[in-house]
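Heads up, there are several structures right after this.
Two complexes follow with subunit A in common, the first pairing it with subunit B and the second with subunit C.
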Partner chain A sequence: MVLPPVAVVAVFIGFPVGAAIAYTLGRAGGPNSTVALLAQRQHIVHHGVTTAAYREVLGNPHVRADLWATVWVTLVTIVVVVLLSWAIGLYLRLSDTRISRIVSALSVIPLFIPVVIASYAILTFYASQGFIKTLAYHLGWHSFPTLGYTLTAVAIGEIWVNVPFGVLMMSSGLNSVPNALIEAARDSGASLPRTVRSVLLPMNVIPTVIVATFTGIYVLGSFTVPYLTGPSAPNLMGVSMANFFSAFNQPQQAEVMAMIVFVLAVGIGTIYVWANVRASKRASITS
Partner chain B sequence: MKARLLAITVAVLVFVPAAYSAVDAGGSMHAVKKANAGTTIVVYASGDVNVQNLWQNNIIPNFEKTNKGIYVKFVFSEHGTQDGTTLARIGAAVKGRHWPGIDLVDGGLVTTMALAGLDQPVSKATAPNIKRVNPDLLVPVKGAAIPYRGSSVVLAYDSNHVKSPPKTLQGLLDWIKANPGKFTYNSPNSGGSGYSFAETVVDSFLSPSVEKQMVNGYVPDLESNWKQGLDYLHSLNKYMFQGVYPNGNAAVLNLLAQGQLWMAPVWSDQSLSALKSGQLGSNIKLTQISNPSFTGGAAYLAVPKTAKHKKVLYKFVNYILSPTAQQMIVDVMSGFPAIDVKYMGDSIKQKFQDVSANTLRPTYSTKMGNDFKAQWQQTVP
Partner chain C sequence: MTDAQTPAGLLIDRVSKDLGGRTIVSDMQLEVHAGELTCLLGPSGCGKTTTLRMIGGFLQPDAGAILIDGSDISRLPPEKRPTAMVFQNYALWPHMTVFKNVSFGLRLRKLPKAEIRERVENVLELVGLTHHIHSYPARISGGEQQRVALARALVLEPKVLLLDEPLSNLDAKLRVRVREDIREIQQRIGITTIFVTHDQDEALSLSDRIAVMSGGRVEQYADPRTLYRHPATHFVASFVGAMNFYTGTLGGDGFRLAGGAQVPVDSLSSRTPGEYEIGVRPEDVTVSSNGDGGAEASVVREIQRGHYKELVLDVGGDEMRAFVAPDLPAVDRLRVRFSRGVLYRDGVLQEQSESPVAVR
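Up next is the complex of A and B:
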């Protein structure tokens, strides 16, 4: 029963990943022979392995700058998305008014807008002649910074794209907390902040971890938002990788960068797995 | 090179039977036409619908009208989906000394064919108009393909703000420094117009012999010569629009259209189309600079070595390179004439007088260009 899916994963994911790892370590034979035939500036060995490609990429100060930009934008996006989606989710959980329903509808709209269109809209919105700057100018703030083509614009774009998923996860997580628990806390005299801290927060850890980790992994590998709204340099790794892969015809270096992003994503993934394991352990203890 | 040969060998092994059947089909078709006392030549083209429109509704009907008895059969492959099999078919036929069923090819596969030695050398062509084409364009295809239209990078400027546009590269660089924030170019790795500006500035620091070697081949040892030019480009950062190099040719056109830029390098055909459709306002004008001019690129035609009716075929090629047909390229697809504009009619001379692109200055070879983009990204922004 399990074998066919395992086989599919092994053939279509495991094999290419294995080949890519071999290529980054300087092996150009077998499945890598075609790419190696056309690529430029490769580090190839015929026996053993070499870390020359890794040393070249990590020794490149521009790649390191891109890497730091990626890490920073990812961290900022995670923090803002978690805070925003928590706030919206909480509001929807605790208030059932017309406005809250409108807010919940609005917060998922970005889900239905293609990322290319959204990126272009964000770029125009924050451009030097865009809405925000014009508004600030009329309000008397003449030195309002132009955010188009900056890492700030990239972070805004990433937050915009990731908030709907966060809101959906958080509100479904918060909705699964039984009303009885909240009411019991309130009846025992707990204030609303205290109820949130002691009841809702601990019962909503897993959705929070999911939102944080998935957002992080998404931003690490994102391309469209930074490509359209970001600065020329430094920019996120997704853009850099695409440049090395196609424009510079250096697929080996691009794959090395993919490995670095992969390691970062694995780090984030580990947190997710750890949180899940901890939660299921707790569940088995209490039940 | 090795990869191409390998690909062709594999293709030959796979497609030899197909090629034979094609030869049969072509032969019988030819027999039918012979009965009508006419000659049929077969043209294969690939590309977007504007290419199809150029051939099917313009060049071919007009040629057939003025040359009674010559029929042109047109085979079109949208977006080049048939290029692979067509290349294999021609490769097999030429190696087997058969007629490939195609006499004239227009499309991305032409340069591959030329470098793989499947084409009739241009020196054997009997079309006098070929002499009107810039001979430099024959170098990248080893003299085995005929450039028939082109597009060049030109300088677009906002005539509301710029009354007398610069005429030389030095003039442009002075203008950029005098008008900070009103010029930029797209990052070279994201589009050809920005690439051309960067290469043109760097070329102005190179000796002609070094530049020639970079156009004609891959010589990584010479790349240290780029340093001076790239450092100069880096020093221009503070004069660029927001110090940024947007991604893609279209991004720069948008900034021009919004009035945020007053001057920028753009593709001739892309900007002429945008002017026609109103995406760019009529205040945007185009011009070409000199010393050196911006680079350009050509689309090529290929005559397979085993094509039939070569005499009639070159009559057709000659027609394509005539001012009449070149005019259609300008009108229908906002392209660039492949022949020197001095041979063109007055209206074209007028249209391109500022662009004065009597030459399409060739760009670096592909691999050289890839390294150039990489070094630009490392040093300039």
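Up next is the complex of A and C:
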């Protein structure tokens, strides 16, 4: 019974990953022979492995700039998405008004808008003749920066795309805290902010970690948003990977970059797993 | 019922509350003396929790005021009120140990560490849970969780303790034990307490006074014995304890039931002849097998209740329940009389004088 899923994972994930790792380490035979046939600037060895491709990619100042751009945008997006999701989630949890229900509905709308469309919308919104600049101009702020085709626009796009999931996640986490637990804290003398800190926050560590890690992994691997809204360089790794792969015809370098992004994502994934293990340890105590 | 001269304790002064377009509590007046335990007793949905939440500050009254020791607290948020609530599901914070749960309010008040520890240990000692000080709530039993919730409320030394059906999640045996614990602790520290329940047994055995509520109003506010012996309304009479009700006519030789049977009554709340509804507790139905007066009755069913026996009787077509000694020999035919009855007209107790009067 275990076999079919294992086989699927092995064929569709394990094998390609293994082949890609071998290629980045200089082994161009077997499954890699076709791609290696036409590729340029390859580092090939016939015995053992070489880290030459890694050294080349990491030594490339443009790639390094892309890497820092990726890390920067990822961190900013994580922080803003977590804060926004918490703010909106808390608002929805603590207030039950018509407005809060409208906010709740609005906040998930981006889920239903294709990323391509959203990216173009964001681009024109912040472009040099876009809505924001025009508005700023009319208000007398003539030096307002153009955000279109900057990393800021990329971050705004990534935030826009990731907030709905964050809000859904945080609302469901916050809604699972019974009212009585909040009221009991108030009754003991806690102000609302203190109640949030002492009851809602510690009871929602896992949803927060999920929002942070999933957002981070999404941004690391994203292509559409940075490709459409970002600058030519430096841009996120997803975009430069595509350039290296097709425009420069350097698939080995592209795969090396993919490995680097993979390692970053694994780092984030480890945080997620660690948080879950910690939670399940405590769950055996608390429920 | 109000007594402006003694402001100590809790005063609910003409409080009303509408929720969802309905009046849930209407013009409620209740005074609880300092150190007293008052039960709010009533059927589901009568507004008990709503009342309690207004005292605790989780709801704002639409009209009226709530006073504690003479000062109006109706506009204060819950964290500023000298009240502490024990929630129905205990509402212990699952991510905190018993110590952290109980000490939370003290830590907020920025007391010195040593004092916090001492007060938490004292209150846990009071509820008998010192050995669980470092346990998480999910690791202790329901009864223990209940006592932690009580400790968490008591440790803040509130002026008024509020309990919302705190025992409803416990099994029958534990419920009796924990309610005795609560009563004992409450009397030892002399804290003014409001206890919400829909269990009349609980109310009768715990309270100094009971406020019986129905449809957002207090039907009667009295000590348990008065409530049981002199229920002010038909509703109270039927809600608290078992009661046989008959409409009929009071005459010189007893009470004539609608079915025609003439039942002698030894003691009545009023002796003015006329049409009434009579309420008779099953233990006030006296049966005898040697017919010395009394209405004829046939035994429909016998139910063993342990320390007593319940008889379901047919008295001239009317059903009647009687509690009798468990060893009463089984017979088919009996004679019944009422040793005590209370009379109602339009649902309101008709009471004539303090001393019971005999009507034969």
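Heads up, the rule we're going with is that the second predicted complex is superposed on the first by the 285 of 287 C-alpha atoms of A that agree within 3 Å, B and C clash if a C-alpha of one lies under 4 Å from a C-alpha of the other, contacts with A are read in each partner's own complex, and residues count from 1 in each chain.
Basically, a residue touches a chain if its C-beta (ideal position, glycine included) is under 8 Å from a C-beta of that chain, and two chains touch if they have at least 3 such contacts.
Only a predicted model underlies this, so the values are computations on that prediction, with no experimental measurement involved.
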For the combined arrangement obtained by superposing on subunit A, do subunit B and subunit C clash, or do they fit?
fit
First (subunit B), second (subunit C), both or neither touched by A:L228
first
Look at A:V199 in the shared chain and tell me whether it touches subunit B only, subunit C only, both, or neither; answer first, second, both or neither.
second
For A:G269, select first, second, both or neither according to whether it touches subunit B, subunit C, the two together, or no partner.
neither
Have a look at where A:G130 lands relative to subunit B and subunit C in the superposition and call it first, second, both or neither.
neither
So, does A:G189 touch the first partner subunit B, the second partner subunit C, both, or neither?
second
CA minimum distance (subunit B, subunit C), superposed complexes, angstrom:
51
Subunit A residues contacting subunit B in one complex and subunit C in the other none
Name, in rising order, each residue of subunit B that touches subunit A in their complex.
2-3, 6, 187-190, 242, 244-247, 251, 258-260, 367, 370-371, 373-374, 377-378, 380-381
Which residues, counting only subunit C, touch subunit A once they are in their complex?
56-58, 77-79, 83-85, 87-89, 91-95, 104-105, 108-109, 136-139, 152-153, 156
Parts of subunit A lying in touch with subunit B, wherever the complex brings them together
34, 37-38, 40-41, 60, 62, 127-129, 146, 148-149, 227-228, 231-233, 239, 243-244, 247-250
List the residues on subunit A that touch subunit C in their complex, please.
178, 180-181, 183-191, 194, 198-199, 202-203, 282, 285-287
